[in-house]
Each structure stands twice: as structure tokens, then as C-alpha cells.
Amino acid sequence: MNVWLSAFLILMVLSNLALLGSSRLGVCIRCVAFQGWLLAFLPFFVHTEGAVYRLLLIALGTLVLKGFVFPALLTRSMQEADVRREVEPFIGYSLSLLFGLVAWLGCHWIAARFPLPTEPGMVLLLSEALFTMYAGFFLIVSRKKALTQVIGYLVLENGIYIIGITLAQNEPLLVEMGILLDVFAAVFIMGITMFHINREFDHIDTDRLSTLKDWDS
Amino acid sequence: MILALFSILAALLFAPFLFGVINRTKALFAGRTGQPLLQMYYDLYKLGNKGVVYSHTISWVFRVYPVLALAGMLLVLLLLPQGGHVALLAGPGDLFALAYILALVRFFNVIAALDTGSSFEGMGASREVQFSALAEIAFLLGLCTLACVTGSYSLSGIYTQLSYSAWLAHGAVFLLIAIAFFIVFLAENARIPVDDPNTHLELTMIHEVMILDSSGPDLAFLHYASALKFWILGSLLIGLLFPIHTGYGLIDVAFAWLGLLVLAVSVGIVESIMARLRLLRVPQLLVSASVFSFVALIFLLR
Amino acid sequence: MISLLVLLPLVLGLLTMASRHHRAHRGLLLLSALAHNALTLFFFFTPPSPALEGWLALDALGLLFLSITSFLFLMATVYAIGYLKREEQYPHQDFEEGFWFNSAPEAIFAGCLQIFLAAMSLVTISRHFGLLWVAMEATTLASAPLIYYHRHHRSLEATWKYLIICSVGIALALLGNFFLSAAVTTGHASHVPMLVDRLIQSHTQLDPRWLKLSFLFFLVGYGTKMGLAPLHTWLPDAHSESPSLVSALLSGALLNCAFLGILRAMQVCESAGLGDFCRELLLVFGLFSMLLAAVFIIGQTDYKRLLAYSSVEHMGILALGIGLGKGAVWGALYHAVNHSCTKAMLFLLAGNILAHYQTKLSKDITGLVRVLPITGVLWLAGFLAITGSPPFGTFISEFTILQSALHQEQYLVALLYLLFLGVIFIGMVFPFLHMAQGAADPKKHAANETWTAVLPPIALGLAGLTFGLVGPMALQQVLLQSVQILGGQ
């Protein structure tokens, strides 16, 4: 397994763990940006065949969107919302880290059971992708702020993107561009909604968005 | 054998010099001239000539601790491989011996601090215990990973087998362990960002406060023992980062000393550019060191 | 030609967003609706040729859902003209909590409606799984501003939930896409593009393990959008807070399009021999949705949330029908048509009721038949229709599903199905009858019902009635072809 791939894997794991364990919004946004950079270089490690121009285009699109545009949008949302720059968790940081480490082992176990082609590094990439998806879900569920929910959604998309790059090699270029565009539009609209939430409520705490419910308790 | 004796002698002679290097680096960063490089030797000499003052509340623990600290460090020096050669008392499992002699010294440090009956030292003792408990995980996991890589349970066995070809094969793993070791090194030696060695404020003391009641030759022993601890943990780190084996024992040892100098300078730089972390954040830092070691271990094993 | 279905509403929608006059907005909206309907009608009689190398094509199943969408959109547009005229006075006062709020600019509302139509049309005509995914995500993004039309904190909360839950769900559907691609590559068929027809053709070369995984993720992902329990949690909030015509479109058209995504995946799995696996899953989800809907319908005080949970129930019935297979497939597809018409009518009527009575609680409303006669009568008729009573079309479709269940000796399924339907009927009887009957509140004078507010519900109600009395008529051929596509009888 080549050294670039193992470097990618370790850096992805560390960035996911950093997302789970960090307490500041700025650090979380930078971690997501870092993941975007890593993902931009992933197609070159994985694919040995295939049109180079296509890989280049995908890598460029990913780099621009996930490495620059999304962090810029998120930072702008954070600054406009003008809230305390601390991630407010339901589950504490050390416990999140511990869950993350256990989940990482779990993802290794699950990935070993997938019927994968026997290329070296496939199992590792798949377990990495599953762990990234877990980190995304965990961030959405266990953090109060709306901004961290958007960050969690981006991390989830990153994990799915890794699976896409490794497994889905005959997705045409147009679809991959469409996927990137859709994610961009989603983040854009979420950013606008967060701005409205902050203007409306003076906070971006989704825990307090609980007016609509079925049974008045 | 001769080489081992030679490096032990060098450790005994040059350990306080490293602290001088650190202080001089910090002074240069601050634009001052700073203390003389040999200042610590003068301090040790000065303290050795003074008399000891004991309070009424202490027991034998407090008297025994400085001697025990020095004895422990000397014992660990016998286990320490430096410059890629085998230590004097090398044997399988001696990495646990090293870890736990250091733990024994730390234990006596803590109970000697509690022995004085002052709540000030007690506060330092409780902080110290919390941080070392977390640092030990990172340290032992890192050593365990190294043992897995080289297949040997002896420190000497591990460090003689580390080389640049090992780095090429397991580069990412070694890098992670090196980062974890560096954080543990800073924590165990009471350096910024874990503890400020120059502070006089109660809020920020951890190690400083525990030796507040010591005086005279006792204090000299304690300072010397901390210098030796710096040398020991630094050698473990340098042995991992710069595993130079040229085949000539003397040149390897000289390179190890050079590495220690570089380490001292970098510690000085870290102390100059960073502030000490809030006490809430120190456990997070140590937990992340443990996470690095753990990730390295799992990465190796999968 | 076929891409006009998407391009026309898209271009007109963007034009609407750029224009300033209210008349222009409503005019362009009406124009897109009429043009879209005309196109669909045209394609009904002369099937269009595929475009973009087979990426866009209209088969019978797509045509069925496209016609539902188109018809509903026209009805919603007619209603919207009156609705937007009423909403012209700024600002509005919230009747629940009394604060003043603004509404979104009409340009955005009308424009997003058309983009929403374009996206839904794209879902129905796309044959490529990747394009289907892009279109589905586009529907989420186009409908979020529609839910946030009344700009206050409750609708914002509903919009946020909708965005996050549906985006996460659709991200999982993307994973299903990738697993489907893996099924192709692992089966050493790397040159097969992800088109439904080509995948069905090369079904022997698809790896079944990856196919099962991909169907699972498609079910969970698109099921979130469809409103299958337990992934339905965005539905009640979004439906209760959005304008009624948006709720009508969401319930009547969008949920069906999401279901289409699952059906396409099922087509591929069926051809590879995994049909039983898929049907089992759909059965379980269908029954669970009905159970959850039944639990939440009983004691529901808000009549719009009541209708939303009813949508969950009917989506459960759809999943159940397809899950049973054979004869129930026809029942499920016919039910999609009937449910869309009925639910849309009910939501539009709910809009009328809300506009007049200014309350969302069913216990505060009485005497509907006297105050708003047409609305009241249609409300009662709608109640009968949505609970599956004759002579409406929903009776025929639900009965067909029951018949098939008994025929296949799935007695437990049939028993649970009837039980849930019964519980839901009981749960809905009280609010509906309470609202319709009773004395009119003397403080509220009889309102005038504008033609834009009653014509669409009348049309939809007549459609539901006709489907019940006469049968599918012109749709029968399309229905039979769709059933064949899905492997039913």
C-alpha cells in the first residue's frame, strides 16, 4: 500500500477525531476545509486508470468547493450569527472522542465484511469512509448549534464521496459535477436559513427550536 | 559496555547543561542576554553548600524523597539505551521497568508533597496525579506500538532496531508516536504548555509547588533529578526521531547529544511562543496525545 | 422535446423571479402550469422519444407520476392566484401568537414553485440513477423557500428540520447510488451505464450483495423524502407551517416522486431476482408507517398535522401495496393517483378554513357547512375519501390491496392493515365531523368563497369521485403498463 494512501488515511482519521473532540467552531470549520483538501487529492491515489482530465476536473471542483467555498460560507455564517464560538455539545468532548475511537474500530470490523474487490487498501478506504460518515452523523446528533449540523452534513457528504471515489468508478463526470453542485446549493441555502434563524431567534441553538410538537407536555 | 558507561557518565555531567540551553534560548527570543549557560551548575553548588530546613509536620517520607528521586533517575539511566547501543541493565520488559520506576518517583513526589501538610502542595499534587495518569496512557501505548514494530520488549532492543529504513516502512506510525511522545515529554518535564517552570502564581503551578518546601541539598538533588529526567525522556524521543546508526559507537552517542541539544532548543522555542494552556485544556491535550498513540497502534495492527 | 418538461418551467421560473409586477408573477405561473399540462397531455397520446442518449425517457410509470404532478400543479396554481392576491397586504399578524410577520417576496414564491415543478418533472423522466438523485436533491432545495413563505419562527423551525432531515436522507440515497455502481463493477460489467434499462438488461452481471445494500440505502434515503416512518419526522412540521397549496404539492406530488425513486431501484433488483427481499422490506416499512400514523392521528388537535400524518399513512399503504406484489401493485399505483387528488383537495380546503377561521385547532372550528358551504361539503366528502370509503377511488385501490393480501394468504398483514385503517378512521372522524357540523359561530359571518379557492378542490374532488365510480378510464392503460414494469399482475 503506497505511502500517500496511508498518509491520507491517517490524516482523515485525525481530522475526524479532531472534529469530534474540538470545542471551538473555528477549529471545526478548518477541519472540514482540511478534509476537503485531502479529498481533492484522493482520486489520484486511488485510480490507476481512467482519463486524467476527468480526474483533474473532479479534483479541481472538489478542491474549490470543499476546500475554499464551503469554509468561507460557514465562516461567514458564523461571523454573521455572532454567537459564542464554542461548540455546545450534548455529549462531552472526551466521551465523544472515546465513542469515536470505538466507532473507528467498529468501522474496521464492518468494512472487513463487505464483498470488496481485493485491491490493497480498499478495506481501509471503506472503513475510513464509514468512520467519516459516523463522525458526520455524530456531529449532527450531538451538537446543539445549527452551524455544527451543517458541518456534520458536510462531513457525511465527505464520507460518501470517499465511497464514491473508491467504488463507483463508472459514474459519469456530469453526475459527479451535479453532486458537487447540489451539495453547494444545499450548503448555501442552509447558510441563508441559519442567518434567518439567528435574526429570528438571536441564537442558532437547534435545541431550542421546539415549538412545533404533537403533544403539549 | 564501555560505551554504555561512557554515555551514563555524559548524562550525569551534561544534564544540567540542557536547562541552561533552554533558558538561553528563551532569553534570546525575549531579546535579553540571559543567564550563563552553566547557571544550573552554580545553583546546584550553591544549594549543596546550604543547610536544610525541615518543618515540624513532616515524616520520613519527605526526607527520603530527594534521595529516592536521584536514585530512581540513576537506575533508569542504567536502563536507557542511547545512541543506538545496548544499555547496561538491558533485559526483556525493561520498558515497563522504566515506566514504573518513573512512576514510583512520581508517587513519592506526590506523597512527599502531601506530607508537608500544606494545602498548597496538596493542590499541586492532585493536579500532578491527574495529568500523569493521562500522560502514562499515551506513553505506554506509544512504547507498546514501538514494541510491536520491532518485536522486542526491551527498550534497548527497540531502539537498536529503529533506523531510517524502519521510518520509511512505518513513517506515519512513527510520526504519530513521536508527536505523542513530545506531548508526554512536555507534560512529564513540567514544561509549557502543561506547566510553567518560572511561575510564582498559585493558579498556575503544578510541579513548582510540590518542591516549594524543599531546601538545601534536598533541593539540589531534586533539581538534578529533574535534569536527569529531561535527559532520559529526551533520549527516548531523540532515539525515535533521529535513529542514526553509523556503526561507530562514539559518533552515534555524539549524534544523540546533538539531538538532545536540538530538543532543548526546540523546547525553549515552544516555551517562548506559547502560553500555558488553561487547566481545563490540559487533559484534552493529553487525551489527544493518547489518541495519537492509539491511532498509531491500530494503524500498525490492521 | 421531452426536456421541455423541465426547461419550460425552469426558464419561466427564473423569469418570474426576475420580474417585479404581481400580475407578471401570477401570469407566468399560470402559463407554466398550462404549458406543462399541455405537454403532459400531448405525451399521453404520443410518447416522446428519449433524449440525451437515453438519460431522459418517459415510460408508463414515469408518465403516471408526471400526470399526477402536472394536474396537481395546475390546481395549485389556480388556487395560488387567489391566495397570492389575499396575501398582498403586508404585514400579516400571526393568529396563534399575535406577532406581526412578513411573507417572502411573491417573486421568490412563484419562481420557486416553478423550479419545484421542473425538478419534479426531472425526477419522473430521468432514467439515469445519478440524474435522478440530482433531481431529488433539487426538489428539496426548491421547496425549502416555499415552506418558509410566512417568515416567522415556527415556519423557520419547520424549514430547518426539513432541510437537514431531507438532505441527510438524500445523502444516504447517494450512497445507494454508489453501491449500485459497485454492484456493476464487482460483477465485471464496468461498461454498463447507470441507466435503468441497461441495468435491467445486464441483470445477470450485477452482484446481488451490493444490490441488496444499495436497495436498502435507496429505501432509507428516498424513504425519508417519501415520509415512511420512522423517517417521517419532518412531514408534520413542514405541512403544518407551509402555505396550504405548498402542502398540497408536497403531499400529492413530491412524496410520489420520492416513491418513484424507490420503485426504480426495485425494478433493477427485481430483474436480478431480489424482488422478494425488496418486497419484504417495503412491507415492513409500510406497516410501520401505518402504525405510527394511527398512533399520532388519534388525539391530534391540529387539522393540518392530522392531514400530514394521514399522508404518512397513505405512503405506508403505497409501500404495503408494492410490498405485497402481484395484484396489489395495481392497487398501490391507483392509490397513488387517488390519494394525490384527495389529499391535495383536503389541503386546499384546509387553506380556505384557515383563512376564514384563523385557527389551526380543529376543536375551535364548527359549522363549516353553514359558513363555507362548498368547502364544508367537500371537507366531508374528502374525509370519506381519505379514509377509503366508497364511492371514492381510494376505496377501490385500498380494497384491491386487501384483496391481494387475502389472496396471497398473508392474513396477518391483512389483519394489521384493516386494524390500522379502522383506528385511523376513528381518529379522524371526531375532528372532521366536529369541524363540519354544528352551529355556525354567530361572530363569524358567512364568508364568500372566491372561485379560485373552490374551483381546484371541486375539480380534484370530482376526479376522486370519478375514479371511484367509473374507474381509471384513460389511465387504465398507463396503469397496466406500469404494473407490468414493476412485475405485478
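First chain written, first letter: the chains are A, B and C, and each begins at residue 1.
One rule holds for everything that comes next: contacts are C-beta pairs under 8 Å (C-beta built on N, C-alpha and C of every residue); 3 or more make two chains touch, one makes a residue touch a chain.
These numbers were taken from a predicted model, which means no experiment stands behind them.
Judged by the touch criterion defined above, the protein chains link up one after another in an open path, with no loop closing it. The chain with its Cα centre farthest from the Cα centre of chain B is C. Between chain A and chain C the centroid-to-centroid distance comes to 31 Å (mean Cα coordinates, whole Å). Distance between chain A and chain B, defined via averaged C-alpha coordinates, is recorded as 39 Å. As a whole-number value, the distance joining the C-alpha centres of chain B and chain C reads 68 Å. Multi-chain contact residues, meaning those touching two or more other chains, do not occur anywhere in chain B.
Taken together, the chain C residues at the contact with chain A in this complex read 128, 130-131, 133-134, 137-138, 140-141, 144-145, 148, 151-154, 156-161, 163-164, 167-168, 171, 174-175, 177-179, 181-182, 184-186, 190-194, 207, 209-210, 236-237, 240-241, 296, 299-300, 305. Per the touch definition, chain A reaches chain C in the complex via residues 115, 117, 137, 140, 146, 149, 153, 156-157, 160, 163-164, 167-172, 174-175, 178-179, 181-182, 185-186, 189-190, 193, 196-197, 200-201, 206, 209-212, 214-215. Touching chain A in their complex are the following residues of chain B: 171-172, 176, 283-284, 287-288, 291-292, 294-295, 298-299, 302. Within the complex formed with chain B, the chain A residues making contact are 3, 6-7, 9-10, 13-14, 17, 21, 23, 93-94, 97, 101, 104-105, 108, 124.
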